[in-house]
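Pasting the structures in now, so scroll down.
Each of the next two complexes has subunit A plus one other chain: subunit B in the first, subunit C in the second.
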Partner chain A sequence: MSGELLAQSIVLGFLTGGVYALTASGLTLIFGVMRVVNVAHAAMIVMSAYLSWWLYRTLGLDPLLSIFVVVPVFFVLGALVHRVILRRLAGRDLTLTVLVTFGFAIILEGLQGTLFSSNFQAINTPYSLNAFEVLGIFVPLVRLLSGAVALVLLGGLYLVLGRTDLGRAIRATTQDPRSAALVGVNVERVTMLAFALGVSMAAAGGPLLGMLFAFYPSTHWLWIGKLLAIVVLGGLGSLRGAFVAAVVLGLAEQVMNVAASPDWAPLVFYGFLFGVLIVRPRGLFGTLGRESL
Partner chain B sequence: MRIRRLAPVLALALFALLPIFVREGFYLDLLLFTFMYAAMSVGWDIMGGYAGYVSLGHVGFFGLGSYVAGLLVVHYGIPVFLSAPFVGLLAAVVGAGLGWISLRARGTSFVIVTLTFTYVVQLLALNLRGITGGSSGLYLPLLDLPGDLVILPFYYSMLALLVVAILVSIAIRRSKFGLGLIAIREEEGKADGSGVNTSLYKILAFAISVSFAGAAGALHAQYLNYVDPDLAFELIITLNLIIMSLVGSRGTVWGPVLGAFILMPLSQYLIYLTPSQIAGQVHLIALGVILVLVVMFMPDGIITTYGTWRRRRGTARPTDAESAQLPEAAA
Partner chain C sequence: MVDSSQSMVSPGVRRFLVGLVASVIVVAGCSGSASPSPVASAAPPASAPASAAESSAPSAEPSAACVIPPCDQPIVIGVSQALTGDKSDPGTAIEHGYQVWVKEINDAGGLLGRKVELKEYDNQSLADTAVSQIERLVTVDKVDLLVGPFSSALTIPTSAIAEKYKMAFVEGAGGAPGVFSRQFHYVFFVQPAVAAKQADPFVNFIVSLPADQRPKSAAYPQQDDPFVSATEDGAQATLEAAGIKTVYKQVYPPTQTDFASIAAAVKSSGADIVLGGTIFGDAVGQVQAYASINYQPKAVYFTSGPSTVGAFKQALGDKVNGIFTGDGWIEASKATGNVNFVAEYHAMFPNEKEIPGEAAEGYSVGQVLLAAVTGAQSLDNTKIADWLHANKVDTVQGPIGWDELGRPNGSFLLEQYSNGQLNVVAPSDDPNKAADPAYPKPNW
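The block that comes next holds the complex of A and B.
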């Protein structure tokens, strides 16, 4: 591999990693407050990608602008799903919640197949094929835009969690729900808002990933594998970890794409996933003990 | 009591003799698939019901079994009826390895590992084109039998697989091992403290649990005479196992069997009712909705719920070994 190609892989990997980080942050946020992997997380991303694709086709709404539509829609839907279904399972066997999110994933996949057919789909805008060259590095415009948007949204999430009362309440609940309740946090409401926020992050990733990759109803099983590898490497429940891991794996995937073949690139994620679980189950930045892993 | 003991034997005799009277391929095919799913669901329940660890990856072992058995026929001419038990054993060994990775801890990593394992095997099946034929799949040689008899060896071997699964489940249920698994489900910390080697128990339970999926996959590959990466790893298979076990009752021997005998005919009927272009999608949605509804409103399943209801009315027989040992099966 030539030096220029390597430099290009690093730039592209970093930009894609930013989008992965955005979607993985939602998954790790939800895990933090609920202690459950949202198996439907990637199915929600794909659903949002379809929605964005549909808005672009019917109304001509730019996919980047459609984020302003899908995020509020998914926030409300997430809050509703928590209120109607997940809240009732709180305090019971956690496996029941896992099974319900598995059910959601299946339902979303079936809905996508019924509404949009099972064919490959991609969000192609007039600028989708544009690219520019800097210092011999060739960067497609959509990669730059989606990476930049993802970083801005992540920055927003970071501020919400770090500087607001809701953020403090979410972090407290993640650390210890019982103590959080003792100091006056309404754990049920905070969990609902955190779930809705996590789902919104998935929704924001939909248009971005939809511009970068082709998707079809069952793509979410591939994407959930990637996201799980990211959150496990970063340490379940750790946002900072998810960000670092997403960039690392985005880079590794890009290098694998170029060095070997895109066919084998997913193996990077699975390799890291299994490797981390064998060597260091709590991941890079994990604070949770073996109990909850 | 006597009828309870006798009923399974009578049912077995009935199913064994049935092909003499019923020659329609449709019914034999439906029963064969019901046996297959029931056997796999009984297996799933050994981990998901007894030990309380839900696997989202049993189809990975089903697909693994399909491919291994398929390759053994194609390259070495070993018939699946011979290789199926060994394929089951291989699945158990792989399952133990996976269990070692994910079951030393408690909980989430097991969900993650079982979910992703399926895609690792599928990726290998897709990409090792030289061995597996890649996305165009693998064709198995047809059995040398007349058309109307060809279903019988599959019918009987699936029935045999179900019988073995049920016997294994009963044996575990009555053993110290089974009690250990239930202790793990109820309170893993205490089980650990009272001397149960929880990691070993869980790994062993998972190995046994997936062996039936592996063997079923082997037989299924020859039944279709074909394996490909989409067919062998259809997630709907895992989904079916889970729903069957939940509907019948998690943590009971007969729950998954009951669930399979309810769900399989229903699924077939639903597919028959819906227009073929969207039948697959509608089936998917329906199963997902059923899973969510069952978890929300009847997580204990039919057998346990009925047992509780009878006991409340004061008509339960406390000597009834099945229900007395396990008052809250899916707690």
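The block that comes next holds the complex of A and C.
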């Protein structure tokens, strides 16, 4: 394998990893705040991809601009789902929320099949296949834009969590809901906003994934496996961890595709995941549970 | 940040989540959904019983008065089809072919004077689901006849069930060696030739090029699929024997959606031509990835994908031009009965501007069943299989006959897109040939 090809795959790996990070960020945020594993997370991403595809086909709305449409739509939907369903289950039994979101994923998959058929779809814009060359390395435009948009959105999320009152309330709730309530945080409202924020991060990833990869209703099963693995590797609830793990997965896939065989990509990544979990069960950036201290 | 030293994830919760991730990985690894199989029946509800008097109405098909009771019951044909999942495009296309045939035969008075009904399950492109559905169709639903799924990957396991119950398994999309290597008596592949010969017309064309134009090297990026590997291995052996070096060969899983780095590796190998071992979505993914890194091979051949014309063009637009594929049928084919099939298809599916090749394969399966049941004058599957081993049937893919293992003995057509149209470009003596092969292909 030539050095150029290796460099090419590393560039692709970083850019793809950025998009993975964006889609995984909502999952880890929701887990951090609610201890809810949202199995429907990837189905929501695919739903957002379909919405963006539909907006592009019917209204000619650019998929990157459609992010401004899907994010608020899914924010509201997320808040509704939290209010109507998850609020009643949170704090009761973890398996129950997993079952509910699992069922939700299947409902979304069925809905997509009914509305958009089970055919492969891809969001093809006139600039979809453009690329430019830097030092002999081809950088596909859509992948660069996706990576950049993902970084901007992740940076925004980072600032919201770190610098705003809402972010402080979310972090307080993540650490200890009861203490947060004691100091005046409206835990229920904060939890709802955090869930809605997590879902809208998923939605923001939809148009990007839809431009990068073909999708059909059951693709979300492929994605949720990747996303859960990213979140576990990074450390449950850790945004930084999810980002690092996502880039590791992106690199593992792209580099193994050219260095060995595509079959090796998941093997290498999951081998790494298991290795990390054996040595460091809380994941790369996860923290020890208070109960075990 | 969200994580902090105070974050609490109890060990029990963590153990549960790790277990959950592991099980999701397993589910995802099986490339499909874990949801229960939805059951669908494509056929309209059994209409008024076809009496002997009704079925003798004038018709274009060789229907007859009902000879096999119960005459008031439809003849039920069982099928487990890939209607969702990664094979859903071609799977649905075959299904439409079956439906056109069923409508046509019922309009003409039925099969041996009885109405025909499809009993259909969606196998979600999963082999184990397909196997249990075929088992159910035979033992619980007690269907009279079986037809096959898309594609070899699903035909190989399901045909074993049909063989076990001595049910004729007429199928339009399972031509890999694995279908025939078990020496079954009841399987019949309804295409002009087996998978290993699918790329022959393309390979012959490449080898026939004058030495100064002939490509020096070829790349074989291919999906892990029995049909694909049969076609690719056959082509690779012949091209290597002709001195065309293999500079890239890589097998990717059916779940592969990202072809960027594979395309980069193919480009880096400097291959003059690409023989993509594809099913559908991966053909689209490869073209997009090649185009986006400006890799311009002299010729690109895909084993499957381009013949699903409408969906392929919708996904790729004018990037389809110059792409080769091998198939047994095109919409403009002059084969017997094709005009009727095309008209009927467009009437039933007015939203589909172009008929996918797989639909013709499904329709041909119906034509073969009609000929065999009529020829054997029986629903006894052993008699049907014996009849098929001894006879040829005219289909919209041309006349097809079978050897003792159910392998067809004809040859494929070489097809190529130009101006958004899929044309037959070889062999030169074929009545459907509409253009000469374009080589080298235009840039993406």
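Heads up, the rule we're going with is that the second predicted complex is superposed on the first by the 268 of 293 C-alpha atoms of A that agree within 3 Å, B and C clash if a C-alpha of one lies under 4 Å from a C-alpha of the other, contacts with A are read in each partner's own complex, and residues count from 1 in each chain.
In this section, contacts are C-beta pairs under 8 Å (C-beta built on N, C-alpha and C of every residue); 3 or more make two chains touch, one makes a residue touch a chain.
Note that the structure is predicted; figures quoted are calculated from it, not measured.
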| item | value |
| --- | --- |
| Subunit B versus subunit C as contact partner of A:Ser238, first or second or both or neither | second |
| Partner chain in contact with A:Leu94 - subunit B first, subunit C second, else both or neither | both |
| Touching partner for A:Val37 - first (subunit B), second (subunit C), both, neither | both |
| Contacts of A:Ile85 with subunit B and subunit C, given as first, second, both or neither | first |
| Touched partner set for A:Met47, first subunit B, second subunit C, both or neither | neither |
| First (subunit B), second (subunit C), both or neither touched by A:Ile106 | both |
| First (subunit B), second (subunit C), both or neither touched by A:Asp263 | both |
| Greater residue coverage of subunit A in the superposed arrangement, subunit B or subunit C | C |
| Partner chain in contact with A:Ile224 - subunit B first, subunit C second, else both or neither | both |
| Touching partner for A:Leu12 - first (subunit B), second (subunit C), both, neither | second |
| Contacts on subunit A seen with subunit B and repeated with subunit C across the two complexes | 35, 37, 39, 94-95, 98, 106, 109, 113, 118, 217-218, 221-222, 224-225, 228-229, 232, 236, 263, 266, 270, 277, 281, 290-292 |
| Touching residues (chain side subunit A, partner subunit C) in the complex | 1-2, 4-5, 8-9, 12-13, 16, 28-29, 32-33, 35, 37, 39, 94-95, 98, 106, 109, 113, 118-120, 122, 124, 128-131, 133, 138, 140-143, 158, 161-162, 170-171, 174-176, 212-219, 221-222, 224-226, 228-229, 232, 235-241, 253-255, 257-258, 261-263, 266, 270, 277, 281-282, 285-287, 289-292 |
| Complex contacts: residues of subunit C adjacent to subunit A | 1-11, 13-14, 16-18, 20-21, 24-25, 27-29, 31-35, 83-86, 88-89, 92, 124, 224, 250-253, 255-258, 260-262, 264-265, 268, 280-281, 284-285, 288, 291-294, 311, 315-317, 319, 444 |
| Contact footprint of subunit A on subunit B as seen in their complex | 48, 52-54, 56, 101-102, 104-109, 111-113, 115-116, 118-120, 123, 126-127, 235-236, 239, 242, 246, 278, 280-285, 287-289, 291-292, 295-296, 299, 330-331 |
| Touch list for subunit A against partner subunit B, complex | 31, 35-37, 39, 85, 88-89, 93-96, 98-100, 102-107, 109-111, 113-114, 118, 217-218, 221-222, 224-225, 228-229, 232, 236, 263-264, 266-267, 270, 273-274, 277-278, 281, 290-293 |
